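Each of the next two complexes has chain A plus one other chain: chain B in the first, chain C in the second.
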Partner chain A sequence: MKINTIFTYIVLSILGVFFLIPFIWLFVESFSPINDIGLTVPTFLTLKPFYNVLTNRVFVNSIYEGLLQSLGATFLSLLFAVGPAYIFSRKRFKFRMPLLLGILFLTGFPVFSLLIPEYVFYIKTTLYNSVFGVVLFLGVLNLPIDIWLLKNSFDQIPQSIERAAFIDGASSLKSILYVFLPLAFPILAVLIILDFVINWGNFYVPYILLSSSHLLPISVEIYSFFGAFNVHYNELAAFSIIYTIPAIVLYIFSQKYMIKALSGGIKG
Partner chain B sequence: MNELTRKYNFKKNAIFLILVPSFIYLIIFFIYPIILSIKYSFTNISLYDISHYSFVGFHNFENLFSSSEFLRSVYITIVFLVVSAIFGQMFMGSIIAYLLTLTKKYFRLVVTTIILIAWATPQVTAGIMWYSTLSYIPGGTINYILNHIGVASINFLSTKFALYSIIIANIWIGLGFSVLIFLGGIQGIDPSLIKSSYIDGASPFRRFFSIIFPLLKKTIVTDLLLITLFTFGTFTLIYVLTAGGPARATNLLTIYQYNTAFSVFSLGPANAIGVIIILMALGISLIYLKIIQVD
Partner chain C sequence: MVNVELQKVSKSYGKVNVLKNLDLRIEDGEFFVLLGSSGSGKSTTLNILAGLDKLDSGKILFDNTLVNELSPIERGVALVFQNYALYPHMTVYKNMAFPLKMLNYRKERIGPIIKEVAEKLDITALLDRYPKELSGGQAQRVALGRALVRDPKIFLLDEPLSNLDANIRSKIRNDLKIMQEELGKTFVYVTHDQMEAMSLGDHVGILHNGKLEQFGKPIDIYKHPNNAFVATFLGDPEINLFSYSWNGKSFDGDGPFNFNININISKITMGIRPENISLEKKGANTMAGKIIPKVSELLGSHTLIVAKTLAGKDIKIITDMTDIPIGKEINVYANIEDCIMFDEQGETINI
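Right after this comes the complex of A and B.
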């Protein structure tokens, strides 16, 4: 028994260390005065790579584009998800089940394979190479899962609360605005974070649907930087850290609530 | 009277109008590309001229299935899927989640957080990190460690090892999700069932495979369904790390599709690959859902 316990701790510790190994280069290199894709222990540490990245106009612009596109798409997904989620949760109607199954089908859809027809469609409709086009597509990709997760959380808000508001004389709209939405606020907050992190991390949608360099968001900019000739690897590492930290921090802060939302979604 | 009921009915049903904008949005930007994908897969549309094309029947599909490059890509995708998703993430994820439940609270918190940080890392960063970690010349982190313990450098991104490398990188980034799902699943098991196995004197190994694993059937199927679909759609991490190379050794279907469209400019075959990816994903999902229904 005792040996088993020690064994468990050893195995998990090794696993934890293994999971940290890929981060070593990123941190060492980002504070390093030299450029190297391999691991070299620097003789002194410097903040210069971070300074260079944050004063580079192209990089700062890509951070702005990344924020704009991720937030825009998050806004669109939630705007279009709340209504259907409410109806699927509260109303029973003829095509409810087929529509819900359709939404579930789109939730698990292998989205990448749609990029190529979408690309042709965008070129024909002049949405290609526009931030609006990217935001529209990123937004629609998260719409099915948002409807699904919102519907499942709405199911857990008792209907009797809205009825009570009705009896007190509130109109249907008022009961939604003043009684229902405040109760749904926590799940909306979780979805804002989840959608933002997914959009922030998305690379292939802007990579395929944008071409002008001043429109590229941070994910694509880092990739181009990585593939460029004569790369300043320490700046690349610093830039990657700036890109990665918001995703990880937001995720850890919301982890507890996110597990709840996601496991609720799976149960549904 | 009739007028009145109709008016009442309209008012009662007016709320369903909320569905209309959302479904129009979904249809234009999500459903329509699916239909386009199917349509283009039967044409010879090319990136040189997207306005003029003609229908070629099943020609694209016939060409694909007689191309050794495509069949190799299917094979690589299946190996990647089985080893990385089913074995690496689902199976190892369930064991790690079980081991985590046996440890003290703070230790568990630290290890879980580390695994989840990997999961939260954006794929572009992950690709760059793994590239530098596995780098051969100049030596990356792993070769640095190997050299220090007296082992010669290994070229992890060579034709021989690249597939294993992308599998490990994908397990690294995906494991957190499975561990989370299984932690939830194991905590949902009636504790008295686990306790009685202690009284019966079952070994921890036996306890896991004979008691916990079978009780998690629904969790397992849910996890498998989701990670299979995630793994199927993997593009960014591998594109940044190896771009399908060297010598197409890591040419997953998604990367093959991308290159067919944007390097060879053949949109028709690229859409045919897309349709095949969709059908494979659909088939796998249906098999899993069937397994759930049997219960």
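Right after this comes the complex of A and C.
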């Protein structure tokens, strides 16, 4: 091995350790009996922090709320992305390009600039402090990128296949259902993960749009640890690990499609 | 039982006029071939017949009923695509069941229909496969099967052989012809390959720049082309064309023969097919001339000679003889009756 390569490995290893330390701390801390700050070797390992968290009704409820809001918003954005994606991909109409670029522009639009007017709007309607309000807002946030990615994936479906479906008697809706969506399934799987992870990790939207504590999702509930007089770091760590599980599970399930989607997609 | 009629059909994409007042009549139960080079409007014609494209003006009549606004299903047409366009995520069975599913057929009704069609096409063994596991010929048959299940009145085929390997192309071509005769359905077949058109078509329509140049039985078009374009388009190797002008006593030009015909045009183009020129004088030959062979290609049963006339023009001859002396002047003979004369606009002159 050349000296250069060895050097590269050493530097990368050190960097890797730096990146890993927080995770290792999180993992070790979640099994520790006492609330230590800093990376120490615990005297014995225990499942007590997990037990404490999972038997706490507030925490369990926040997991439920988190799943409900994230999945709801994911479903909402995909549901409303399919139609526009199909139309942008297959139909030609006036202002198609400006609209498409507008959507692209929206994908980079900062969320926080919308939150304050949205907050005022929600207060004036009945949407403030309701799960539906949060689902709606999160869903709309992901809509532009969903439309774009889905449109690009629809673009790859050969025109002759669409025409074949038409000849075979499929309406636009039926050809979306039976031909376009199954063929775009890899991208769809990726979008489900992407949307879910973004929604699951979104802190500010539920934090600002919700006030009742029984509605707060897990991302906001984690923050409440720091408000307490005595911070239970081992329970916080355990809760954080639970917090990462859904995303990991989804990744594992959709790995197959991820690879497909990122390595070429649909062939006719 | 369907006669198809196109009346003054025009279609343009943006500023490009693809079809210009096209008139066409396709008889019931015939194998009709639409022949044209790329950009001639043949695929557009097919799409308009299928109902995929709307026409700008004109009428499409199926059995004297106007179908301009009807969907492909209502017209009873099925289209086989050039690349077959099978649904890649469905098995062969599901591909074939799709049109029936769209008509809300029940599962119990779909099964027997597919079984029957699959047996007819000899694809029963393929029903569980996915399109990517099929060879070109198999995919072709599945595509035909998908068209067949709905029992359409008219089959439209868009260059179905162009994606196949050369060695199975002629076999599939024969299969298609046999199948059409067994089914007794109207086939409209679009191609740019004159061989396919000649061998398959009951009638052939030659399309050029959105206009129907000639329509008729293949052999009639071959023997009596309306103009120089059609004459050149049909036949492989293509027809020899020479320019001639009247010199006071006879027609004289860059072809190998001089001749005398009674006509009051001074400049004409003479066309003669390669197989109508012979190297030996036969009883009735009325014209004789000289050529200098450049290359001779043995094509199995016959030989193709590429030669120059004494005026320096290329000429192609098909003959049974082998041992062609390259580079030496040899005599050639032909009958004036086998020649086709064109005027300066390329239109055929009747002698």
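Keep in mind that, in the parts below, the second predicted complex is superposed on the first by the 240 of 268 C-alpha atoms of A that agree within 3 Å, B and C clash if a C-alpha of one lies under 4 Å from a C-alpha of the other, contacts with A are read in each partner's own complex, and residues count from 1 in each chain.
Note that a contact is a pair of C-beta atoms (placed from the backbone, for glycine too) under 8 Å apart; a residue touches a chain by one contact, two chains touch by 3 or more.
Because the structure is predicted, anything quoted here is derived from the model rather than measured.
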Task = Go through the superposed model and pick first if A:S160 touches only chain B, second if only chain C, both, or neither.
result = second
Task = Name the contact category of A:F226: first (chain B only), second (chain C only), both, or neither.
result = first
Query = Given the touch rule stated above, what does A:G169 touch, chain B (first), chain C (second), both, or neither?
reply = second
Query = By residue count, is chain A touched more by chain B or by chain C?
reply = B
Request  = Examine A:F253 and indicate which partner it touches, taking first as chain B and second as chain C; both and neither are also allowed.
outcome  = neither
Request  = For A:G16, decide between first (touching chain B), second (touching chain C), both and neither.
outcome  = first
Inquiry  = With both complexes superposed on chain A, which partner does A:F132 reach: first (chain B), second (chain C), both or neither?
reply    = neither
Key: Those residues of chain A which chain B touches in one complex and chain C touches in the other   = 266
Message = Could you list, by residue number, the parts of chain B that touch chain A in their complex?
response = 15-16, 18-19, 21-23, 25-26, 29-30, 32-34, 36-37, 40, 45, 50-51, 96, 99-100, 102-103, 107, 110-111, 113-118, 120-126, 128-133, 135, 137-144, 172, 180-181, 184, 204, 222, 225-226, 229, 232-233, 235-236, 239-240, 254, 257, 261-262, 267, 270-271, 273-275, 277-278, 281, 285
Ask   = Which of the residues in chain C come into contact with chain A in the complex?
value = 50, 52, 71-73, 77-79, 81-83, 85-89, 98-99, 101-103, 132, 146, 150
Query = Where on chain A does chain B make contact in their complex?
reply = 4-5, 8-9, 11-13, 15-16, 19-26, 29, 36-40, 80-81, 83-84, 86-87, 91, 93, 99, 106, 108-114, 116-121, 123-124, 136-137, 139-141, 143-144, 147, 172, 197, 200-201, 203-204, 208, 219, 222-223, 226, 233, 236, 240, 243-244, 247-248, 251-252, 255, 259, 262-263, 266
Query = What residues of chain A sit close enough to touch chain C in their complex?
reply = 158, 160-161, 163-170, 174, 178-179, 182-183, 185, 266-268
